[in-house]
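Next up: the structures, one after another.
Two complexes follow with chain A in common, the first pairing it with chain B and the second with chain C.
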Partner chain A sequence: MKRLFSSITDGRGFDLVLVGVPFTFLLALSGLPLAYNILMSFQEVDMFSLGSVIRPFVGFKNYVDLLTQPETMSILRNTIVFVVGSITGQFLVGFALALFFWINFPGASWLRGLFLVSWVMPGLVVGAIWNWILSGDFGVLNFLLQQTGLLNGNIFWRSDPNFSLWAVILANIWLGTSFNMILLATGLAAIPADLYEAAEMDGANAWQRFWTITLPMMRSTIGAIIALGLIFTLQQFDLFAAITDGGPNNSSNVAQYWAWDLSFRQYDFGKGATISVIMTVFVMFAATVYVRSTRHEVRG
Partner chain B sequence: MSENARNRLLLALSIVMAAIYLFPLYWMYVTALKSGSEMFATPPSFWPSAAQWSTFAYVWESRNMGRYLWNSTVIAFGAVALIAILGTGCAYVLARYRNIWVDVGLFLILMFQVLPASLMITPIFVGFSQLGLLEYPRLAVILAITAKSMPFFVVLVRATFMAVPMELEEAALVDGNSRIGAFFNIVLPLARNGILVSAILIFMQAFGEFVYSKSMIQDIQFQPASVGLNSFMGPNTSEWNNIMAYATMYVTPILAIFVLLQRRIVSGLTSGALK
Partner chain C sequence: MTHQIELSAVNKYYGAYHALKDIDLSIPKGSFVALVGPSGCGKSTLLRSLAGLETISSGDLIIAGKRMNGVPPRKRDLAMVFQSYALYPHMTVEQNLTYSLKINGVGKAERKRAAADVAAITGLSNLLHRYPRELSGGQRQRVAMSRAIIRNPQAFLFDEPLSNLDAALRVHMRKEIRALHDRLGATSVYVTHDQVEAMTMADHVVVMRNGVIEQQGKPLDLYDRPSNRFVAGFIGSPAMNFIPARSTPDGRALVLDLAEPQTIEFDYPLPAGRALMVGIRPEHLVLAAADAAGFRVDVAAVETTGAVTFITTATTPEIVVALNGRSAVAAGESVRLTFAASNVHLFDAETEQRLA
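For the complex of A and B:
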């Protein structure tokens, strides 16, 4: 007993306790739910069987049912459009801004940091603001687009099935751009300056320098940021809740919102768990890509 | 062009870009100050003709915002405290050693970090309801947020510990400190700033958390401000000045903290997120 105690205060035991307690906590509150999710995806779980662990086993019924539901395909397509559209927009705007702020001038780093307010704001608030900006009759975006001559009539961003998904994508691009920019700026700052000096002496112009030095040197950063973008867009929930609520008629519904909707609005926890299991596999895949692209840095 | 003129031009250009980017935020503040009729004017006014400061008091009273913000604060403080207690030691050990087990631990941490809350809520809700934890809804949300956000905290704080020279701790051990003594007297004080910044980041996230609170807190007495905002925004609402006033009161404290600590937050974020 005494040896155990002295090991905890002054030996290996100290490390084991420090790392063991949080991992036990994480395994209990994240690992167990993951396993429980898989179990529930093979069960029929509704309000009545919520309290018991032994529930009717239905095999792959939940999976088969979901695949044959008419809305499944359009929701999966929406998810892909949402992810690809958001990541592309965030990355391109973020990269352009990072390149601009890469030029050294007084105040550059402070102003660049200011962009990050979009990222620290609660998602619900961002959603509320964009909901109002995107409003059909009185929204300021429609007004600005008409003033600049880009648009003739009002677009009903939130209630027109052709635009509802893009309304959320637009808000999500705004939300994520700053984070992309900050990380890309860190990557840019790490490129050794003498590479550019050497290229300049060899007569390479700015365009050539970008394609032959900047992009190749940024490859692992870009890989990591795309993977992070995938992880973050698949986590996005608040904007859907605040802007379109997945509607109208599922036109802006995506898998992660649908999973919640199935569980907490339709009380079909089995199906909600099934979608969650499928999406978790995708997220973990993205995380593995992220680890691979930052692996040389993982060990510090 | 002289160096000075170039700098001024670039500064002006970047201010314009920041202004465009931050326009949604500006629009929130302006709308909150408009009257009910001015808000729907066409063309919209970009500066309120008569600022309606009374809207804030009205919304604060009628929506009972004090209670919502109090719940948000309780949840955020609870989650941050639990995360800091559990996560700091974990980050320290993962920074101190380099072996295969540390790599496995880091990989697990990352996997726990990326799990989306909207997917985890189904099993967490069912599990918690079976354990009876939903009787204490705010505690249930604190536990769920802790599981979700602790990995991020560990990643950020680990980067801080990596910057603390091992030699200092070794010297303390040679001087007769125990491991616990060296950790609390030498290592923790040196990493204090990094831990504090990471805790503030986590606090801001937890203060705006929505999925878990929306799903697990049915009783309006215990709901945080994010859920309150969500129920304020009905499908066909037209009270946008009131909603924006709500959003303003909710978000301004967070923005103030951010602007004050901007440099530290940004550098803390970049040192951790890519490593």
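For the complex of A and C:
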């Protein structure tokens, strides 16, 4: 008994406790739900079997059914467009802003902080704001486009199947840009100033310095921000709920919103779980990229 | 002699702060010039102004016969070795060395050959494919030097390049840098706060304080004839002793203002009856023979390195004596010190300028 006690306070037992506590936590709150989700994707689940774990096993039927459904392909395509469009937009605008504030004019850091306002706002609130901006009849966006002569008639951003997905992408870019900017600004600030001076002495102009110093030194930051962007955009739900509800006719529906729709509106929990599993695979991939890129930091 | 770098009446302001005041400096081709002074004296600002990393507010800056005042650093054809080395961490040693060549459009084969040539000179040949983070401090220092050498620039600018190395390596690199300079026939400007580095490496030492050049000249000229009290105290290690004094009305003796006034006579033409600051280097003080002229002091501490014995006195101001070899003198004793008249430096008590 005494040996057991001393082992727990100072020894092998102590190590096991240290590992065991977080491991139990992870298992209970992440591992089990994940495993349960995978299990559900191989079962037939409806409102009446929701309470039991043992349900009819259907093999890959949920997966096959999903792939043969007519809307699947367009929703997957939407998901890809949404992810690529959002990440590209957030990254480019975020990087441009980070570089802009890097000039460090008076008030730059204060102003940069204000940009975070968009990021701390709840998605549903952002969605509501963008609903007003995007509104077809009296929205600010249409007004601006018409006043600048880019547009003649009104675009009904949220209800036109050609634009509905882009309406959400636009809002999502606005939402995620400041987070990109802050991370990229941190990366920029971490590059020692004397590297630029050395490059300048070595004959590099501003453009060459950007390509040969800034970008390579930012590699790990950029890798991380894109991987995080992938994770965040695949989690984006509020904006769809607030702006288009996935419509019209699934034209702005994406996998994550569809999974929710299948599970909690159509009560087809098996298929909802199936989509979640597919998305989990993609997110795991992104997470691997993220972890690897943070591990490969090049500093000093 | 042609001048590689010429500065005339150069001034630099940061807002209201006057960082460089009327700097005149001519650097002959092939010479090694050290800018030395305490921190904040403007030596780094001066170097960075040469490099173009700072712009000068007024005056003329001429490099290799061309006025370079507003020319950006990349067009000045100067190479700089930074205190932090500023190696590109994402590039191998070879890529670091050839960066400037690549920027200037030199072909790949030629770049490789140039890198190999320089690496052979600086002893980096088997490190060419390493990254800076895999190198030791001394090796990084060499890469930084090689990166400058490969460009064959108009002049090399060194910004305290040895201050991040340990003492032994610093002494070694000191010789190596000077040897490289001679071998390449280069023109070098070297900033340091360490007067020993300046004295041992340079042909021409520029002592700065508060943005002003206090004195410039050959290292030993500065040692032998410092033009003011600041230079006298800055050059030489251990530092020169300064003793307030007054010359007797007949100009035949000095009355040293120690705790109790001490008179020392010597046959040296002194300005008569005047308040002075007497400077005497520790290595020029000797123990006086019993009957010789001298002044009496109490010994506070004796330290010896074996080769040199340092005696610190209990007087105000404190006096340090450096005696060759060993000494039987012990703390608490009373000894008599003397010095050769030719080794005395006299400064005006008010202006602190040298008196003839």
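Just so we're on the same page, the second predicted complex is superposed on the first by the 270 of 300 C-alpha atoms of A that agree within 3 Å, B and C clash if a C-alpha of one lies under 4 Å from a C-alpha of the other, contacts with A are read in each partner's own complex, and residues count from 1 in each chain.
The working rule: a residue touches a chain if its C-beta (ideal position, glycine included) is under 8 Å from a C-beta of that chain, and two chains touch if they have at least 3 such contacts.
Keep in mind that what you see is a predicted model, and the values were worked out from it rather than measured.
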Ask   = Regarding the shared-chain residue A:Asn205, is it in contact with chain B (first), chain C (second), both, or neither?
value = second
First, second, both or neither for A:Pro216, with chain B first and chain C second = second
Message = Between chain C and chain B, which one touches more residues of chain A when both complexes sit on the common chain A?
response = B
Task = Quick one: classify A:Val19 as touching chain B (first), chain C (second), both or neither.
result = first
Request  = Considering only the touch criterion stated at the top, classify A:Pro106 as touching first (chain B), second (chain C), both, or neither.
outcome  = first
Key: Which of chain B and chain C A:Ala128 touches, first, second, both or neither   = first
Task = Mind working out whether A:Val281 is in touch with chain B, chain C, both or neither, as first, second, both or neither?
result = neither
Ask   = Does chain B (first) or chain C (second) touch A:Leu150, or do both, or does neither?
value = neither
Task = Scan A:Glu197 for contacts with chain B and chain C and give back first, second, both or neither.
result = second
Chain A residues contacted in one complex by chain B, in the other by chain C = 298-300
Request  = Provide the residue numbers of chain B that touch chain A in the complex, in ascending order.
outcome  = 6-7, 10-11, 13-15, 17-18, 21-22, 24-25, 27-28, 31, 39-40, 42-44, 86-87, 89-90, 92-98, 102-103, 105-127, 129-130, 143-144, 146-148, 150-151, 154, 162, 178-180, 183, 201, 204, 207-211, 214-215, 225-226, 229-230, 233, 235, 240, 243-244, 247, 250-251, 254-255, 258-259, 262-263, 265-266, 269-270, 273-275
Ask   = Mind pulling up the chain A residues that touch chain C in the complex?
value = 192, 194-195, 197-205, 208, 212-213, 216-217, 219, 298-300
Inquiry  = If we count contacts the way the header does, which residues on chain A are in touch with chain B in the complex?
reply    = 9-11, 14-15, 17-19, 21-23, 25-26, 29-34, 36-37, 40, 45, 50-51, 53, 97, 100-101, 103, 105-111, 113-118, 120-126, 128-133, 135, 137-138, 140, 143, 147, 174, 177-178, 182-183, 185-187, 221, 224, 228, 231, 234-235, 237-238, 241-242, 245, 256-257, 259-260, 263-264, 269, 272-273, 275-276, 279-280, 283-284, 286-287, 290-291, 294, 297-300
Task = In the complex, go through chain C and note every residue touching chain A.
result = 51-53, 72-75, 78-80, 82, 84, 86-91, 99-100, 103-104, 132-133, 147, 151
